[in-house]
Structures are given as structure tokens and as C-alpha cells.
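The same chain A turns up in both complexes below, where it pairs with chain B and then with chain C.
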Partner chain A sequence: MRYDCVIIGGGLSGLTCGIRLAEKGARCAVISTGMSALHFSSGSIDLFGNEGEGKIVFRPFEYLEKFIGSNPLHPYARCGSSRVREALFYFRDQLDLEDIDLYNNDDANHFHVTTLGTLKPTFFSQRSVFNEKIRLAFEKKSKIAALNFEGYRDFYPELAVINLKRNVLFRNIEISSGKILYPDYGDPQRNPFEYRSIDIARIFDTERYLEDLAAQIRTAAGDAAFAAMPAFLGITNFKRHHQLLQQLTGLLIYEIPTLPPSILGMRIDNALKSRFAALGGVYIAGDTVRGGTIAGGRLESVFTENGGSSALYAGSFVLASGSFFSGGLVSEFSRVREPVFGLRVYSHAERSKWHAQEFFPRNGHPFLEFGVETDERFNPLTDDGQRLGNLYCTGALLPHYNPIREGSGGGVAVSTGYRAAELILAGNR
Partner chain B sequence: MIKLENISFDHCIKCTVCTIYCPVARATHHFPGPKQSGPDMERLRIKSPGLLDDSLKYCTNCKRCEIACPSNVKIADLIQSSKWRYFRKAFRVRDFFLARTDLMGGVATRASFLVNFFIKLFPVKFFLDRFMKIPSERRFPRYAQGTFRAWYKKHRKEQEAFAEKAVYFHGCYVNYNNHDLGKDVVTVLNAMNVGVIVTDEKCCGVPLIANGYIDKARKNALFNIESLARSASESGARIVSASSSCSFALKHEYPNLLELDNSAIFDGLDYITRFIHERFEKGNVPAMGPVPVRAAYHSPCHLERMGGVMNTIEVLKKIPGLELTILHSECCGIAGTYGFKKEYYKVAQKVGDELFKRIERANPEIVITDCETCKWQIEMSTPYRVEHPVTVLARAIDGKKL
Partner chain C sequence: MKRIETEAIVIGGGATGAGTLRDLSLRGVRAVLIEKSDIASGTTGRNHGLLHSGTRYAVNDLESARECIRENKILKKIARHCIEDTGGLFVTLPEDDPSYHGKLIEHCKYAGIRCEEVSVQEALRIEPNLNPNILAALRVPDGTIDPFRLTSANVLDAQERGATVLTHTGVSGIIREGDRAIGVRCRDRRTGVELEVFGGIIVNASGVWGQEICASAGIALRMFPSKGSMVIIDYRINNVVVNRCRVPSDGDIIVPGDTVSLIGTTSKKVEYDKIDEITVDEDEIATLLESGEKLIPNVSRTRVLRAYCGVRPLIAVSGEMDGREISRGIVLIDHERRDSVGGLITIAGGKLMTYRLMAEMAADLACAKLKVRKKCRTQKTALPGSERKLDQAKSVKFFTGIPNSVVGSTLYRHGQRIRNILHREKRNYGLICECEMVTEGEIEYALKKLNVKDIVDLRRRTRIGMGPCQGQLCAYRAAGLFVKYDSATSAESNKMLVDFLEERWKGIKPVLWGDALREVEFCYWIYQGLFGLGDVRFPEEGEDR
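On to the complex of A and B.
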């Protein structure tokens, strides 16, 4: 099988890259082992949220201008700040075509609330998570009600309220918590404790129970102007259900990301896949690339677990296989390796220096900064020092940035994926 | 003692992604989903089979959970194997006959006219529904008169004369129900200068596995591995199958679920569109006339699990005049014999509902799919005729009407 480009990894970075390439007419295939880390994400796209030592970045692009100069190896530095901007707004436009509206506070960050009730700076959020009306209501110090279904175990409004009240921003805001009940749909076999976000999203998606739920929300919210709820207001058509629910209740309904599976992340995943397919991209799910044939500094083909002896050929390849969690990097007792091609990895020789002593260190764990060493064109080196000129590494696989400390994971995934596509397109011209 | 190689369930990080993509969990709350029925319950089952929760019976073995799993857990295999490892084996006449496709086919093809006639009669349907628990709504595939193998016997000589040959595993459906598909395989491969070899074979084992007849499935598997390997090595040929589920069983269920060594056939075995597409890419494309038809393509679950969908799509794209819509990947719900059982029939139809709606919206003249049971399900549940990709290809080659 021959493609113009084969992308290994079907997450945020791989799909952004694939969409850009396919839009420009390249024949692309994305190969993905299982579903991507978007299913575990907040569904907001961070750009740059923290300077370190707990200092928040309010204007990320301005901050990047200075930051890049002193951190030349950082993936953002290798993209260049104007290209990071181009990539992020390209991403927003692509999602817009799939009916996902992303909100950004112009060039400034905004905050989204986490499951535990802490605040996280981010750049893009879905409009059910943040929008102008929510900002306005917040500035007016309107009362908030944090609601949950009785028995749903992946969100505890009481806990979120305690944490929110500790925050300066919420000091003069009244927050209550409340419960609503699952609609009765005549199925006594299931215990409410068993429901996960996806089961509830499907209840909303049927639309049959919206009126009943709206009445319950209305009562539970009391005199609040907001109802903050775990993010499970449906997947297909959620925009319509969100609007309907706001109309029926007369409240602003605000979504808080939950424990996995993340409905907010899945909406983005669905939108990206659908966009990629609409542009003629081929998405190969449930298969794993096992290795490739390298000749004369080029990757000629890759072979997969299911494909056996029949290889996939392409002019260019993108490795967007993620970090440790997604299997793009593998840690062994005394080393960190890249499992597909055995590429050269940046890490620390001494295992004790891989991690900080605390579980939640302020500056993040060093292992988060490990990854596949590349040049400024995102081309990696093989273990024996050969540069692979047609293989581009993007996303969480890259070293020299710390997504947790910086709050930059989404932005790096999007901008490096986009940058790789631009490099590939320029090379073909 | 827990065997160390059998702890793939331990790689499960409880992310629930499999349950999101499980078509059965979406259709019914009675199935707690692959995570709970597979890796979660496996821990308990290992401790004590008494802790078995029989809701796992709802699993159709479509394998979509395994495609979704980011941690490479063989979730469906865990659930399927529990069906025979832990359940008390009670003999059920219905399951015995549903599982024995070759036995049933062997008898029915001797008097297919009568069988096809009687199976549609109300009293027969009533009897099957009431006493055999086969829902009266379910439409049965028609039996053919005689077998595909008998037809092939008459053509063996000319097929053996080709320099390049392929060993063709035809499966029960072609042998007993749809000879035409087998003949279409011959038409297409011949047009590409490939002769077709048919050797001894038994049912691939898919219905046996689904109904818990695991010893019989293993016996068939060993027979097929031996027979196909021998025939392939004698003629130096590759092995092809035009049924996505047969191919999936031969290639993946044998080693993963039946724990048999199929390395003798693994590398040489292709689902037919991979075989065809590889030759197309090398320039071996037969002369084709236009097939001016508006078609919607449905990708069967087991072909998705094997990673073969792109081959079928690429092959179909080569057919002049064919107007192709690729349907969003959805399970049709029948899952082989699952949809023939009264206790699951409603679930099966609800699973398929999303696909049926999408077909409707695509407004095609025909539906194309690689799997025979998907075909039965779609033809029963929608007004559209369903054809195999090889059949469409054969019509482009021989110019007959599709």
C-alpha cells in the first residue's frame, strides 16, 4: 500500500497534521493503536499556562516571544511563535467546520474548573466550558450551583465547592451543591453507581429526558444563575442539547471535565476524525506499527502487526505516538527507549533523576521532559546516528518541554503536528 | 496457579474507552460493557468461578473493544473464553444446530427447494420461535441446490493449468448458500491470471466459538491449518478467503482464542481484497467495464479488527462508474448466530439501528459489504440489496448486470 504520508499515532498531533496534509491534497493514512489520549484530556487546549513556581501566564503569545529566546530546544522555539499562532487558529477553524465552537479570550488565557474544583489556565475551551456570558455572570458575582447525579462517582460537587471557595477569584461568590436523579427509564437492573460519563451522555443524547432533567436542575439550583455540571451533556448533537437545556432551565449551564472517559475530549476526537475522513484521509484503527525499512537516511516503509508482510510505503512519515502513557516512549529499568524505530532519546542516565521526590512537584517530573531528540526540522536520529530526513516527530513524543509544569501539552501537539505538515508540503513542492 | 502469560487483563488501566465503543453496551443496559465483563470480572472469575456474572453472554465478539483499547488488552477474547471456561455446559438443540453450519448445509443443499419453502411457512416459524427460541422475525439465508465444491470439481483441471494459483478457503456460506460468490472469486482471480485451488476444509469455527463448542472448533482449526498449509506449500500459492469473519478466525482467533499454532498459514493467508489490491498496485489490473451504480460501503467489524478495510475501499475505487459512499463504521448487530437467538434479537436490531439509518441517509442503490452475516442483517432490516465487493468487481470484469 502506498500513501504520500503515513502518520503513526491518531491523537491531537497526528490528526492535526493529517488534516492539514489531506486538505492540501496529500494521500494520508493515520495508524492508531487504540483510542488516543484525547479520551483522557480536559478537552480544553492549553497553550502556555504556567511560568513555573506556580506563576500563571496570562498572555501566552507575549510570554512565548521572550520564552523562546532562552529555550531554543523547546518545541515552540522550533516552530517559531508566529507559526504556533497560525497552527492554533488553523485548528480552531477546522473544528469550527465540524460544529465545535472553541472559545478564546482573545489573546489571553482563561480558566477552566477541574474535577477537584481547582482552576487551570487554558487557551481554547468548548463554549459549554467557557464563554462571554459565563465571564459576565462571573464578574457580576452571580450565585453558582454545582450539581451532580445522585450516585455518579466521577465528580463530587461538595469537594469541588470546598476547593473553589479557597480560591481568591471565588471569594465573594456564593456556591452551593446539589443533586439530581437519573430519569426513570424502566431499567431497574442497573445500579446508579455503575454509570460512567458515557452512559449519562447517552441519556442526554436521546433528548427524551431533557424536560424532566431541566425541571430537576431548576429545583436543585435554587436561586443560582449558573449550574455547573460534570461534562456529560451528550456527544452527538450536544450543542443543541446544551442550548435546549439552558432555555428550559433559564440557567447558564457550565460543564466541568470529569474523570475518564472525557466527553469533552471525545467531542474533539470525533470532530478531528470526521474532518480527516471528509478530506479523504484513511484512519486505520486498532493496529500497531512494529518497525520500518530504512535505506539511505530515509524511512521507506513501515510494517504493522495486522499487515504482517505487506508494508505501508510513503514519501514521508510522521511519528506522533505520544509519551509514556500512549506507548510512544517506553521506560525500562535503566533506560528510556522509543519502541518503533529505536530512535535516539533524550533522557537521564541515572534512574533516580527521572522523577522528583514529591508526587506533585511544583516544577513537574523530569521524565516528562524526555523524548525523541530531533533537529529543528523535527527529524530524528536512529540509534546509530543516522538522520532520517523524511520522518517527522511531533507531539508528546518530543523532549525539552514539560506539559504539566508549563500547561502546554495541547498547544505543542497542535503546533508541532501542523509544523510537520508544512515541512512535508514544502518538501514536496 | 495463574499462568503468567494469561494476565493481559492486568494491563487494563480502567479507562472505560472500550465501553464507549461497545455497540452492545450502547444498545442495552443489561450488558455492563467490555471493561466490566472482561478484565474487571476476570480477576474475580480466576479466584472463584462462582463469582461469574452471566451478563457477559450479551457480548457479540465484534472486537470493537480491542480496536479501542489503548493498552492492548484482548478484551473480547477474555469474555469469549469465559463463556466456555466457566459456564456449565448445558446442551441446547438450537445452539447445536446453529453452530453446525456445515452439517446443516450438507443436509439442506440436498433438498434446498423444500428447505427454503418450509422455513418461510408460518407453522414452521411458530415452532422455531416457540420451541427453538429462534425469533419468527428473523429471515434465513436461502440454501442453494448442491454445493460449490461440486461445481468446482468440474472446473478443477482448467484452474490447475494457471501458472500462478491461490488456495481459496470458500467457507460454508459459499459452499451451501451462495455459489455465485465463489464463482465470482474465480472470475476475478482468473482475470488476473491466477488459478483457484480448492482443498479440503471444515467450517472455520466462528459459529462453534460463539456457541461454546470449543473442542469442536479446535478440531476444525487443526484440520484447516494442516490442509491449507499442505495445499499452499504444494502449489506455492497464497491462501485467500472472501469471508471477513472466516479470514479473521483463521488468522487471529486460532492463535489468540483457541491457542493453536497457525504459523504455517499465518503469513500466507489474506482476506481476498488485500490479495487483489496488492496485485493491483503492481499493475496487475484486469480490464474492467463501467458499473454505473450508487453504492454505500459498510465495513464489517472483523475486517476492521484485521485492518483490511482500506484494501476493500481501494479495490472498489478502481471500479469505473461505481459511485461509492463510505458509511461511518458501525456494527450491524447480527454477529453471526447471535441475531438468530430470541433472547438477543432485540439487542441485535437495536445495535444495527444506527447503521440502518446511515444507509437510509446515504440513499444508495445497493450496499456493499465483505461479510455474509452483515449482508443477511442489512437485507432483512433495510430495503437494500447487499453485494460482496468481489461480486461488484466480477461484474466490472464480465460485463454482466449487477
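On to the complex of A and C.
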């Protein structure tokens, strides 16, 4: 098969890149091994949330202006801050076309509440996680009801409430708690005490149980103005059901991320795939790229595990295979390598320096900053020093940034994916 | 200050201390056990879980070998649910001295250990993952023993017979009155509450930490700490214990245990003042993996789960010796005779295998001092859970409707006590730890009956968080259940979640490559990226109470 571009990795970065390319008429294929890391995410898109040492970034673009100058290897520096902005708002518009409304507070970060009730600065959140009405209710110090499904093992609001109450922002805000019973939806084989987020989301993807649920929420919430609940509002009909439930209860309904799988993240994953397909992109799931043919500083084709001898040819390639967790990087007893093409990797020679001493260190773990070295055009080098001019590396595979410490994972995935698409399109013109 | 009066005080909640507490309780002596951390959290919980046949000691230490095989037979009767009667092999590799094989057979005869020669073919049939290049093999009655379950069962039995157990309570000093030790001063390390416990006899069963206990009573006792490190392989790659047939050395045993296998051990001298800070060294990992691979080649292709180390509680008899050469024999000290301090005895040395015998010796002496004329019953009285032979088919039938895997795991861990744990209510058998099949009911039981104060303790009672994922999902769920069952406040639960993940991290750090690193990235992503647990601020003790 021949494509204009083959993208290795179907996560946030790969799909953003694929959507941009497909939209401009390029014939694209995305090859994805397994589940996107979005399934384990908060479902909000972080841009840049922390300076380090616990200092919060309130206006990320302003902050990036000066940050980029002193961190020239950071993926944002390689994109340029205006391109980061362009990429993020492009991303928002694409999701909008798929019926996901992302809230953003102009150029400023807002906070989303985590599973444990800490606040994380983020740039985009789904409207069931944050919106203007929630912000207003919050400013008026309206009462919150933290509700949970009886016996749900993957969310414990009481562990979050104690941390919220300690936060100055929540001082003088009353938080009550309450329980909701699952509807008897008729699968006697399943143990409701073993439901995961996805099981609950499936129940409420149909309209059937919403009225009963609304009645329960009203009772459990008492005189509260909003009900905070574990993310449960379905994968496909969540927008309509959110509105419906708010009408039926007269309350603001607010979703909090739970233990994975992340309902909020899965919605984004679904939307991106759907958008990519609508633009004519080819999504190959459950296959893994094993290697490629390189000639004259160019990657000519790649072959996959299931493809046998039939290689995939393309003018350009994007490697968006993620970090260790997703298999984009592989670590061995004493080295880190990139498994598909053997690209040059940034890491430490001594394994004892891959990690911090504590599990929760102040400045994060160094291994999160390892990745494939690239030039400013995101082109990597092979192990023997050959630059591959038509291969672009994006997302969590990249080094020199710390997604968790900085709160920048989503933003880097989106903006580098978008940037790779722009570079490919410019090259073809 | 809180004050407790009792007949006997046992310091140390390892196997020996727990065994002594049980032995005393069976003789009708009222006793209090004081443990600075959790039961089985020191040396007891930091070995490879081998139910020794004694073969390993037969050549160098005949006395220990005889003790081992005697206790081996007793434990197989009284602690069935803590034991797997796997059998063991001693295999000779091409590079090993072939004469050791014959020597071992001969010495096993002296020690009374059944040791039979099997053909290489037969050895490979018994353990298919074995290195096919071995030259010779012996079959011995080795098995595996779970030190956490064993200690917990001893404590449970003692408590059901009226004993008191104070965990997370550190002894700050022995209270003396003239030439007698009459009690101990201690502090609850979680609440900060100080208390004094008075009794007619104090049994110091605190292992390597016994040096400090004695020092606080003005008695000089010198421990000779030796570190042993082990590596856990994330699959059960062998079903029988595999030993290397050579003079004892590093990395010469692979022990299956529950769902994993362990490669043991190394031996390194450590300074006494460093015993609470020991870590596994990089070279130990390399040695263990290299030697392990020689016994079972699969080791090199299997994920390493974690590494850990313990301190052997050897008492230095004289001079400087290597940790391996010193006798592992039992040392019972009557401080009245040795140091003219009445009311205090120390039981030390020995090994997990001989804990019951050590407890018997200590309790005999304690009873003599207390003038209690009751005989030891521990060699005949089964531990709670081990009263009858375990019959999985019968249990599965009894609990029809509950998944077989849940029944099997619960029975495996708690023996007959399964009847106190499982019932046919969906909440009860809903899974919390999916790697190790730990249910909400099992957690509820552990919280209420097994002296569990935090998630790390819970792990020792149930195996929660000990599987491949090392607690990724179940740690948070467990934290939630502590609040649900009123075992902790929300603030304490948050804190114990951090402590649990930090404790898991200690054992993962030394083996942070391959899938272990992937798993850590995921776990860190959840607990920091998603939960922001590292950002939770913990106020001073007691603020939220």
C-alpha cells in the first residue's frame, strides 16, 4: 500500500497529526498497537501547569514566552509558542465538530478537581468538568453534594473531600455526601461491586435510567447547587444526557475523573477517531510496526507484525508511539532504546539515575524526560548518525520535557502532532 | 500515662515473638506482645519463604539440619494453610564440584533427612523449567512457607486465647527496679501515646534489634547483622524448590511462592547502626539473576518484579566471621544468670524454620520463672485455619455461586477460616485486588480481626498489591475501604496511600527496567498525573481527628 503519510501510533498526538493531514487532502494511515493513553488520562488537556517547586502557572502562553528561551530543547520551544496556540485551538475546533465542547478560560488555566480532590491547572476541560456556570456557583460559595454510586470500588469521594476542605479555595464551601443506587438493569451474571467506570457509563449511555437517576440525585443532593459525581455520563450520548440530567434535577452536574479506564479520556479518543475517519483517514488497529526500509536518509516503507511481506509505503512518516508505557521506548538492564527503527535516544548511562529516590519526588522522575532526540524539525537520527528527513517524532516519545511535573503532556502531544503535519504539508507544497 | 499489667511481655512481632506469645497463651499465661512496626515486618517477612528440609545445612551444621527436619514435619501438620509441600531438588551444574553431591547424601543420612537420588530425566520431569544441562539431582522434602500468614496465624490464635497485641508500638526502654527488669516503656508510633507495660517476665524476641533492647536494660549483647538480598520473578517459573548442589554461596536457590518465584540469596556484612537503612545493591541483583539463570534459564526472559533484603539475626559468638559461617543455632539467654538482671530473657539466632522450637524454649524458661507448670502444646495444636486438611473441591461446593478462583485464593491464604470470610453476598466477594484475587470481604475480615493498621499491613495479611501491578488500582480501593469500615479517617487514608506506594517503590527501584519501568510509569501517571497524590498536604498528627 502507498500513502502520503503513515503515522505510527494512534494516541492523542498521532490522531491530531492525522486529522490535520487528512483535512488537507493527504492520504493517511494510522497504525495503532493498542489502547490510547487517553484511556488513562484525566480527559482535560493540560498545556503548562507547574513551574516546579509547587509554583502554579496561571497564564501558560505568557509563561511559555520566557520559558522557551531558556529551554531550547523543550518540544514547545521547537514548535514556537504561537504555533502551540494555533495547534491547541485547532484541536478544540476539531473536537467541537465531534460534539465535544471544551471549556477554556481564554488564555488562562483553570483548575480541575482530581480523583483525590487536589486541584490541577489545565487548559481545556469538558463542559461537564468545568464551565462558566460551575465557576459562578463556585464564586457564590454554593453548596456541593459529592455523590457516589453505592458499592462503586473505583471512586471514594470522602478521600477527595478531605483534601478539598483543606484548600483555601474551598474554605466556607459546604460539601455534603450521598449515595446513588444503580438501576436494576438486568445482568444477574455481573457483580455490581466489580463495575468499572465503563460499565456505569454504558448503563447511562441509554436514556432509560435517567429519570430514576435524576430523582435519586435530587434526593441525595438535598439543598446543594451542584452535584459532583464520578465520571459516568456515557461515551456517546454524554452531551445530551448531561443537559437532560441538569434539566431534570435543576442542579449543575459535575464529573470527576476516577480510576482508569477514563470515561472522559475515552470520549476524546472516540471523537478523534471519528473525525479522522470522517476525513477519509485509514485507522489500522491492533497491529504493530516492526521496522522499516531506510535508503538515502529517507524512510521508504514500514512493515508490520500482521502485514507479513506487504510493506506500507509513504512520502512521510510520523512516529507517535508514546513513551515506555505505550511501548514507544524500551528500557533494558542498562540502556534505553527506540524499538522500531533503533533511533538515537536521550537517557542516562547509569540506571540509578533514571529515577528519583522517592516515588513522589519534588522534581519528578528523570526517566519521564527520556526520548528520541530530534532536530528542530522533529527529524530523528538513526543510531549510526543518519538524519531521517521524512520521519517526524511527536508526543510522549520526545525527550526534554516532563509531562507530569510540568502538566504539559496533552499540550505537547497536540502541538507536536500538529507541527509535524504542518511540516509535512509545507514539504509537499 | 497508660499502664498495662500482665504476666508476660514479649518484645518483637516476628515469627519467634508471635510463636512465644501463642505458646504462652496456650499454657494459660496472660501475655502482651509489643511490636514497633507490623507483625512479620522485619527479618521474618524478608526471607525467601523456604520450608527447609535441613539439606542445605547438612554438611556444615548437622545440629541445625536436624532441627530443621524435625520442625519441617511438625509445621506440615500444624500450619498446613501456610505451607506448600512442593518438594525440592538439589541439582549439580557442569561447573560445580561433583563430589558435593555424594557428601550431601551421606550427611542427610546422619541428619535423618530423606534424600533420594533421581536421574536427570526424572528431575526434568519433576521441574520442566530446569536447566537441561544439569549433571545430577537429589530430591529432598523442601517446601514453601508463607511467613506473613504463619506469624499472623500465631498472633490470631494467641489473641483468641486472651493475649494482647500492640503493633506500631516501639519499646523505648526496659524499666528496671534494682536488679530486675519489671516492665517496658513504649510509644504508639501512630498516635504518639506513651504507655508502660509491667509483667513478671520479659521475653526479648526482637531479633537483630535485640541489641538495643538489652542496651536499654544496661546489658551488653552483640548482634552480628548480615544482609541477605532476594529478587522476585513475576511468574511462578518453578513448582518445586530448586537448590544448587554446592557449598553454600550467593544465588543458589529458587523458591516458588504463591504466584511468583524468588531467587535467593546473597550474604553481606552490615554495620549494626545501618540495619534499618539497608538496600539491595546493583551487584547483588546482577549476581542473583546470573546465578538464577543457571538453575532455570527462563529467568532471563521473565520480568523481574522487585528486590528486597533482610538482616539475619545472628549473635556474634566471638571474633569477626563471615555471615555464612557463623552458626545459625538458637541462642537462649537467661539474663539473670548471665548479667544478674532478673525478669528478662532473650531468644535469638535460629531461623524461620525453628521459630516454634525457639518459642517453646523461651516459653519454657519464662514459665519456669513465673512458676507456671504447664507443658508446651504447640507441636500438636494446629494454627487457626489449619485444623483440618484443606479440601478445595469441598469449599468450592460449599460456596457455590462464588467464583472458584476467589474460593481457591481465600482458602489458600486463610485455610478453614474461609468460613469466617466468604459469604454469598455480592459485596463480600467483589474483587478489590485483581492480581491476587483479594475480595472486599477478605479485606473487611483483615481490618477487623488481623491487627491491620495501614495498607502495608493489609498487604502482609492478604497479598493485596503484591502481584504484577504492585497495587496500581487496589491501593486506592483499599484506602477507600479503610474509611468505609471505620479503620481510618479520610486524612489517614490519604497518608497511608502515600506510604504504601513509597514502600512498594523501595522494592521496585533496584529493578527499574523493562516492564517494571513501564508499570511504574503507569502507576506514577495514575497517582501523580491523575490523582495529584504527591500534592496532598498532610497536617501535623491529630489535626483531623
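By our rule, the second predicted complex is superposed on the first by the 425 of 429 C-alpha atoms of A that agree within 3 Å, B and C clash if a C-alpha of one lies under 4 Å from a C-alpha of the other, contacts with A are read in each partner's own complex, and residues count from 1 in each chain.
As a convention for this text, a contact is a pair of C-beta atoms (placed from the backbone, for glycine too) under 8 Å apart; a residue touches a chain by one contact, two chains touch by 3 or more.
Because the structure is a prediction, the values reported are computed rather than measured.
Undergrad: Applying the touch criterion given at the start, work out whether A:E194 contacts chain B, chain C, both or neither, answering first, second, both or neither.
TA: After superposition on chain A, A:E194 lies in contact with both partners, chain B and chain C.
Undergrad: State whether A:W354 touches chain B only (first), chain C only (second), both chains, or neither.
TA: It touches chain C, and chain B stays clear.
Undergrad: With both structures fitted on chain A, tell me whether chain B or chain C touches more of chain A's residues.
TA: The partner making contact with more of chain A's residues is C.
Undergrad: Just checking: does A:Y156 make contact with chain B only, chain C only, both, or neither of them? Give me first, second, both or neither.
TA: second
Undergrad: Would you check which partner chain A:G308 touches, where first means chain B only, second means chain C only, and both and neither mean what they say?
TA: So A:G308 only meets chain B here.
Undergrad: Classify the contacts of A:F333 with the two partner chains as first (chain B alone), second (chain C alone), both, or neither.
TA: In the superposed model, A:F333 contacts chain C only, not chain B.
Undergrad: Mind working out whether A:F40 is in touch with chain B, chain C, both or neither, as first, second, both or neither?
TA: Touch status of A:F40: both partners.
Undergrad: With the two complexes superposed on chain A, say which partner A:G286 touches: chain B (first), chain C (second), both, or neither.
TA: In the superposition, A:G286 contacts chain B only.
Undergrad: Kindly classify A:P260 by the partners it touches after superposition: chain B alone (first), chain C alone (second), both, or neither?
TA: Once the two structures are laid over each other on A, A:P260 reaches both partners.
Undergrad: Please report the chain A residues shared by its interface with chain B and its interface with chain C.
TA: 40, 194, 260, 327
Undergrad: Considering only the defined contacts, which chain C positions touch chain A in the complex?
TA: 282, 426-427, 429-432, 440, 473, 476-477, 479-480, 483-484, 489-491, 493-494, 497-498, 501-502, 504-505, 509, 512-514, 517-518, 520-522, 524-537, 539, 544
Undergrad: Considering only the defined contacts, which chain A positions touch chain B in the complex?
TA: 1-2, 29, 33-37, 39-40, 187, 189-190, 194, 196, 198-199, 202, 260-261, 266, 277, 282, 284-288, 304, 306-310, 326-327
Undergrad: For chain A, which residues are in contact with chain C within the complex?
TA: 40-42, 54, 114-116, 118-120, 151, 153-156, 158-159, 161-163, 166, 191-194, 257, 259-260, 262, 323-325, 327, 330-334, 351-352, 354-355, 357-361, 365, 367-368, 403-404, 409
Undergrad: In their shared complex, at which residues does chain B touch chain A?
TA: These residues of chain B touch chain A: 15-17, 19-21, 26, 29-30, 32, 36, 66-72, 266-267, 274, 277-278, 281, 304-311, 313-314, 326.
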